[in-house]
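Which chain is which? They are A, B, C, D, E, F, G and H, in the order written, and residues in each are numbered from 1.
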Amino acid sequence: MTTDDVARLIERLSFASLDHFRPQTQGHQEVIFCSGKTPSQVVEIAERLVAAGGEFLATRAESDHREALRARFPSADVNELGRIVHLAPDPPTEPTGRGLVLIVTAGTSDLPVAEEAAVTARALRNQVERLTDVGVAGIHRLLSQTDALRRAAVIIVVAGMDGALPSVVGGLVRAPVIAVPTSVGYGASFGGVAALLTMLNSCASGITVVNIDNGFGAAAAASRINHQP
Amino acid sequence: MTTDDVARLIERLSFASLDHFRPQTQGHQEVIFCSGKTPSQVVEIAERLVAAGGEFLATRAESDHREALRARFPSADVNELGRIVHLAPDPPTEPTGRGLVLIVTAGTSDLPVAEEAAVTARALRNQVERLTDVGVAGIHRLLSQTDALRRAAVIIVVAGMDGALPSVVGGLVRAPVIAVPTSVGYGASFGGVAALLTMLNSCASGITVVNIDNGFGAAAAASRINHQP
Amino acid sequence: MTTDDVARLIERLSFASLDHFRPQTQGHQEVIFCSGKTPSQVVEIAERLVAAGGEFLATRAESDHREALRARFPSADVNELGRIVHLAPDPPTEPTGRGLVLIVTAGTSDLPVAEEAAVTARALRNQVERLTDVGVAGIHRLLSQTDALRRAAVIIVVAGMDGALPSVVGGLVRAPVIAVPTSVGYGASFGGVAALLTMLNSCASGITVVNIDNGFGAAAAASRINHQP
Amino acid sequence: MTTDDVARLIERLSFASLDHFRPQTQGHQEVIFCSGKTPSQVVEIAERLVAAGGEFLATRAESDHREALRARFPSADVNELGRIVHLAPDPPTEPTGRGLVLIVTAGTSDLPVAEEAAVTARALRNQVERLTDVGVAGIHRLLSQTDALRRAAVIIVVAGMDGALPSVVGGLVRAPVIAVPTSVGYGASFGGVAALLTMLNSCASGITVVNIDNGFGAAAAASRINHQP
Amino acid sequence: MTTDDVARLIERLSFASLDHFRPQTQGHQEVIFCSGKTPSQVVEIAERLVAAGGEFLATRAESDHREALRARFPSADVNELGRIVHLAPDPPTEPTGRGLVLIVTAGTSDLPVAEEAAVTARALRNQVERLTDVGVAGIHRLLSQTDALRRAAVIIVVAGMDGALPSVVGGLVRAPVIAVPTSVGYGASFGGVAALLTMLNSCASGITVVNIDNGFGAAAAASRINHQP
Amino acid sequence: MTTDDVARLIERLSFASLDHFRPQTQGHQEVIFCSGKTPSQVVEIAERLVAAGGEFLATRAESDHREALRARFPSADVNELGRIVHLAPDPPTEPTGRGLVLIVTAGTSDLPVAEEAAVTARALRNQVERLTDVGVAGIHRLLSQTDALRRAAVIIVVAGMDGALPSVVGGLVRAPVIAVPTSVGYGASFGGVAALLTMLNSCASGITVVNIDNGFGAAAAASRINHQP
Amino acid sequence: MTTDDVARLIERLSFASLDHFRPQTQGHQEVIFCSGKTPSQVVEIAERLVAAGGEFLATRAESDHREALRARFPSADVNELGRIVHLAPDPPTEPTGRGLVLIVTAGTSDLPVAEEAAVTARALRNQVERLTDVGVAGIHRLLSQTDALRRAAVIIVVAGMDGALPSVVGGLVRAPVIAVPTSVGYGASFGGVAALLTMLNSCASGITVVNIDNGFGAAAAASRINHQP
Amino acid sequence: MTTDDVARLIERLSFASLDHFRPQTQGHQEVIFCSGKTPSQVVEIAERLVAAGGEFLATRAESDHREALRARFPSADVNELGRIVHLAPDPPTEPTGRGLVLIVTAGTSDLPVAEEAAVTARALRNQVERLTDVGVAGIHRLLSQTDALRRAAVIIVVAGMDGALPSVVGGLVRAPVIAVPTSVGYGASFGGVAALLTMLNSCASGITVVNIDNGFGAAAAASRINHQP
């Protein structure tokens, strides 16, 4: 394609430049990051994406964003816990990835981030399962699930506080493991920094890490892996 | 396997507990992290690994570690730039991964980390290629290589200073992208923290990150991905 | 001028020392930083500036400051998004700078900071244009605007999250580039610190940086440059 | 005792105030922290302690401190790895604590800190055992030693990098667990800060923490616990 | 016990994995950390714990958590200051620890953390006393209580701002001292970091430290010590 | 005095230990730090101080503290801007210090901290004057006041943002200069850390520094200096 | 130009991708950042640049780099203090910028950074002057040079420690001011972070900042400004 | 004095601007900060100061600076421990301050900083005494010296590690207390940051603080106080 061809795929609004070339480079449409945008901006972008591709995914949707999207797109799936809204194509698509994306959480308080990951992974055409509250302080909770861990094609591990769970999971499996630190904790957890550093310094080899609370990014990375030809 | 079976796979030295169960859980032997070990400890561990599996990989090998390993294992491959030593099995193994691991560096000063990644990835049975000195300040250097980027199964992007390269690469390809911040820079680069933060906050979706200067970890993660069944 | 002459140009209120010597040293009046001041203090300072120079500019104006200024100066221009209020002289002045100040933003969420810059630059007698939502994750959005970038006399680049945009822009043009990190992001963006560090470590040479969210300062710097004789 | 009585127990040198009241308040003599002291200062303090109590313990002893102490006190036990020197009383004392102090290390590189702890704990009249290189990346190495863990009266866990080991140990036993972060690691381990934060945020309840590399302090705390009447 | 036996002790809810094996490994049931859980999740977990063991302890209980627990368990003890709720077994248990746990606070503003510690220690079967507002700026307040300090089996010292109190207490007694930094302070106290660092660097030997504001953890550690056989 | 005499001067409330020995050691009564205390606790402490000494000073008094104190002590002086309440003795005392305490502020937004300092200094029996809004960006505002600066016995300089003012003041006078960083600013001011670091690194010799926003502490230090015999 | 044309301007060495398109985009050749490169790599890059453009500039040249360059290019100008090597074209070029670039330093210890800036600015075709050791602690040293400051087209201010000088300079002139923090200082200067933060928070409007010790970057920015058409 | 008069008092060397106006503004000559200066620069500055005032003081003098100064000024007093050189006037001057400057150190390792303070204070015409190794871990060492503390006009307290000593000293005396954090410690002492934060957050009121290891600055501040008219 020429530069002019690509330029024609960019739709300029007064407040945004929508990139309709992205499905070709990335395999999926742009995703709407709601934070810092007004509800009406979010709705307008969603409308353009639906017009172009028949679906949208909106993350970090606060209650006013969620209300505006629900009002405009009544059939959208609104996940309150994960603060994420997905309008699936009609008819819905089947998973196209190679295997299962397993989302493991250390504690109940990590569920919002895990839900963001789960909804994103499914929207990006992956089969998803969850394994919840298996943190390392009671290690037998995890070890009794070793078989489930070994069935997954990609594992996303979501943990706050000490962030130690990915190191143990990474040592139990051969599959790719993506660690997501969460801001769960207090004091010297520093809003998730403690868990982030733990994961970056994991003594298990080959663990990769995304930003604090970035369930979306973990799922996007898992989907890149799971759709590797 | 029973707990007792596993216990028998652990070989206790006075200063280390060698884990010969790891090939079954991880797909490869333990790797020797030389930092903080004496040369004779490193050599002894290498001997046990060779006895058990016919090969070893030793990272963060300073000159005294490298000398000791070279003396004891004359046929080992010693990579001075990457501070890494590999004794390949005899006869050497062929790559078993699904595709190509491409290692992209932003600048010449990032090469030591890239070499650590390259030697590791090859030792873990992957096909490896390199693309060097294509940082974003002269963006056409990268764009002229777009086809090469799109041929890779997994891309490792190594960058210091502003750490901006993975964001651009991530936007050009669908493949998994692993970002490695390096400690190249000065002043407010804070030994690689600036690049690390850039990568954790990448505006390209689905980029994952490893520790600063952790070429080994990036390659181990790439190999997990590339050997996904 | 003697020290006594200068002392006479300082107007002492109970809570402020207004510096009417500043137009001679800086080329423009004092600007009101509203944060930490009461609305009535802000209005009183504005009155004194209007009395002395026929105009005022008030930044970081929260809603109560904006209300108070709008009530007292109905003809003032109140920019809600940029939290900035400008009372232009009557009749309005023409731009006096040498060329165009172009304000480039990485994403929609960066617009508040960009608007603060735009209003300030215009108040300081510069011609202003905007280029919005051209972040590096979809690099062709930016590259298709290369000609526009090269027409500018000074470029202000506003970006949060990874803050990578100024490095790419800096490599495309010869003009001065002022980078403004924003607090857009979450987790390890640390309120804009990640973007700030990226910009300070830019691999493009000759990029300068201002404080996080400091659209005002960037515009003031651009105006210094654009009015260079 | 009166204040005057206590004052008589303080021996003033030109560069130090030796506190011979400490055995009564703390149960043992002052310990010499060599860092920042000259070898001759260290020797002089050691002489005064021997004169008063027949023994001394010197930590953070660099090679010049160790040489000076070895020359003056040929019968002292010099531990090179732990950089610690102990002159035991003659005849040696038996352990007086209630049970076993077990020192567990995550990796071989953590041994210097573990040795500082071991020598200190023994000098403070405790029975000591070691369990080495049982980090969480190969969790079965640790689990196969659960019985040994449960026999200890106090456990000191020494770990660098991700610092995850104390969380797992803490969940396996009822005994007090003291976590010692080490500076083993690189990049975002920040000289042991990552491990320190992991331990402070442990999801296992009732883990306490000492300073980075503070094997001495961990052993002193273990001895306080083990000598609880 | 076999792995299957242990697996049967784990009760899986949709949002949590309750670990009924914990009384055997830890000596007490799981404790509910309310932060990040909904009130109904907290109540449901409490019900399961009561069903299994006849009691529960819930920390970091905000007003909505406290209301929900009070409504469901009218006989529970709700400590508003310490944000902690305890349902004691019926009939109540006697302390089983070896001696007294003394909780010392530097200032009145540290009381919420001290109360969390006091309620936890009592729930874990320890005898508890308090000594309040004896910070080091008026050192005679503390010194006049030296005898009380020396009667304790374990001392928890709670302090914010400069966090200096544990160093002085540690020098006065032989008993184990657990230091709890609090977030009391402003400016460069950095939410308790200043006190945390003071305590980690204590010049008194054998002081151990828990996370900022972690009264619960300090009491759990004290109980481990106090129940040492 | 004996220890018993001192112990009798400590008045134990359930939540505080009032130190009536302090006037002898410090030259003035305890000051009430309201933050983290309930209004009724503050009132009760105030009552005890009035009973003992006829006056009180309460800092960091939020609106509920101020209301409670105003209701109980109608003649107290309540300074809203400085969040500080003083009940002066009746009849009021004269300043007893050697000279003038001059409080200099860089900008209008720094006034709350300056007021806390001014009320405190006066309560501690010092003569106080103010010089407002003379920050270094318009250096002639300060230079025109050089004579006023040189008349002071002690100077307190209050500044946020770049915190540069104390360096210039310190170079103009021989008197003691106490620098108070304020949290005025945004972005990389990090809540006053930038100003704090500037002041700690002042190139003017002999500048001392207190905590961020600590107007009280600066005044207490100034009073120690001004009452030096 | 087409993408193919640009690709032909990139010269691929085994360790670098030389960008001969840069003179068209940036107005000057690539500059060699020696740090992390071997002397022979530096020499080889220099040779290619000389072949293409007749000159080179090499920054952060340690003694081994300087020796190698001096040996290969005897006519190069080697500035030891600034660790910078320039081979000027033959015959040398005249300054082409619009006015004077003035480099102001706070103290003698800041000279190495100032020299890096001075050599760079001259190499980039600007007229350069220096004003040395005029820090704010003796403010009259600076004020006596006000006329010199006002004659400059662009001012680079180099300062460590408190970094206060740019704020004062910025208030005295209308010209663009680029602030360069240096790592001069100790303790809480944190290697230049204190000065960096001071400059980012300058109360003078329109000051821009570069990385710590980045004399090169400041000069490159000044040259962009000074060559603005 | 006119600006021209002052300008004549500034002596311009190629690398420094000597400020001979400083005795009038500050009460003493400029002091030479050797760090970052060459020995010959230091000697030349010393020569000019001797020519103007008959004495000099040079701080942070490394061994090469000390050698050069000793060679040129054989009668200078070279303090190796404090890295400080003083050439006293001939005949020496008597102390002119109002009382005694007492320098208190927490431990032997803090002596280098204390010596810098002691030599500086004496050079600035103050009577000086020392009290060494009285840290808070053995509080009776300090309490037995209460009378000595109360005799001082100004107290400088030098402490590393936990930095707790100034809080206790401040509570015992009415005199001004200047706290000097030192870089003594390891791990989470962060080069003195822990002690610095402790001191900034002191619960004793009216403690002021200087930079880490800044014995010079503490003495300069003490001298300002002690020479207050």
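A few points about this structure:
The criterion applied here is as follows: contacts are C-beta pairs under 8 Å (C-beta built on N, C-alpha and C of every residue); 3 or more make two chains touch, one makes a residue touch a chain.
Since this is a predicted model, take the numbers as computed values, not measurements.
Common neighbours of chain E and chain H (chains touching each): D, F.
More C-beta pairs touch across one of D-H and A-D than the other; that pair is A-D. Of all the chains, the one whose CA centre sits at the greatest distance from that of chain A is H. A straight line joining the Cα centres of chain A and chain F is 50 Å long. Here the CA centre of chain D is 43 Å from the CA centre of chain F.
For the pair chain A and chain E, the distance between C-alpha centroids works out to 36 Å. In chain F, 25, 107, 138, 143, 171-172, 187-189, 193, 196, 200-201, 205, 211 are the positions where the chain touches two or more neighbouring chains simultaneously.
Which chains touch which is summed up as A-B, A-C, A-D, A-E, B-C, B-D, B-G, C-F, C-G, D-E, D-H, E-F, E-H, F-G, F-H, G-H.
Across the complex, chain D is touched by residues 107-111, 132-134, 138, 140-141, 143-144, 184, 186-189 of chain H. Of all the residues in chain D, the ones that touch chain H in their complex are 3, 6-7, 10, 14-17, 19, 21-22, 25, 30, 33, 35-37, 41, 60, 181, 183, 191-193, 196, 211-214.
By the touch rule above, chain A contacts chain D in their complex via residues 106-107, 135-139, 143, 161-164, 167-168, 170-172, 185, 187-190, 193-195, 197-205. Residues 25-27, 31, 98-99, 153-154, 171-178, 196, 200-201, 205-211, 216-218, 220-225, 227-229 of chain F are the ones touching chain H in the complex.
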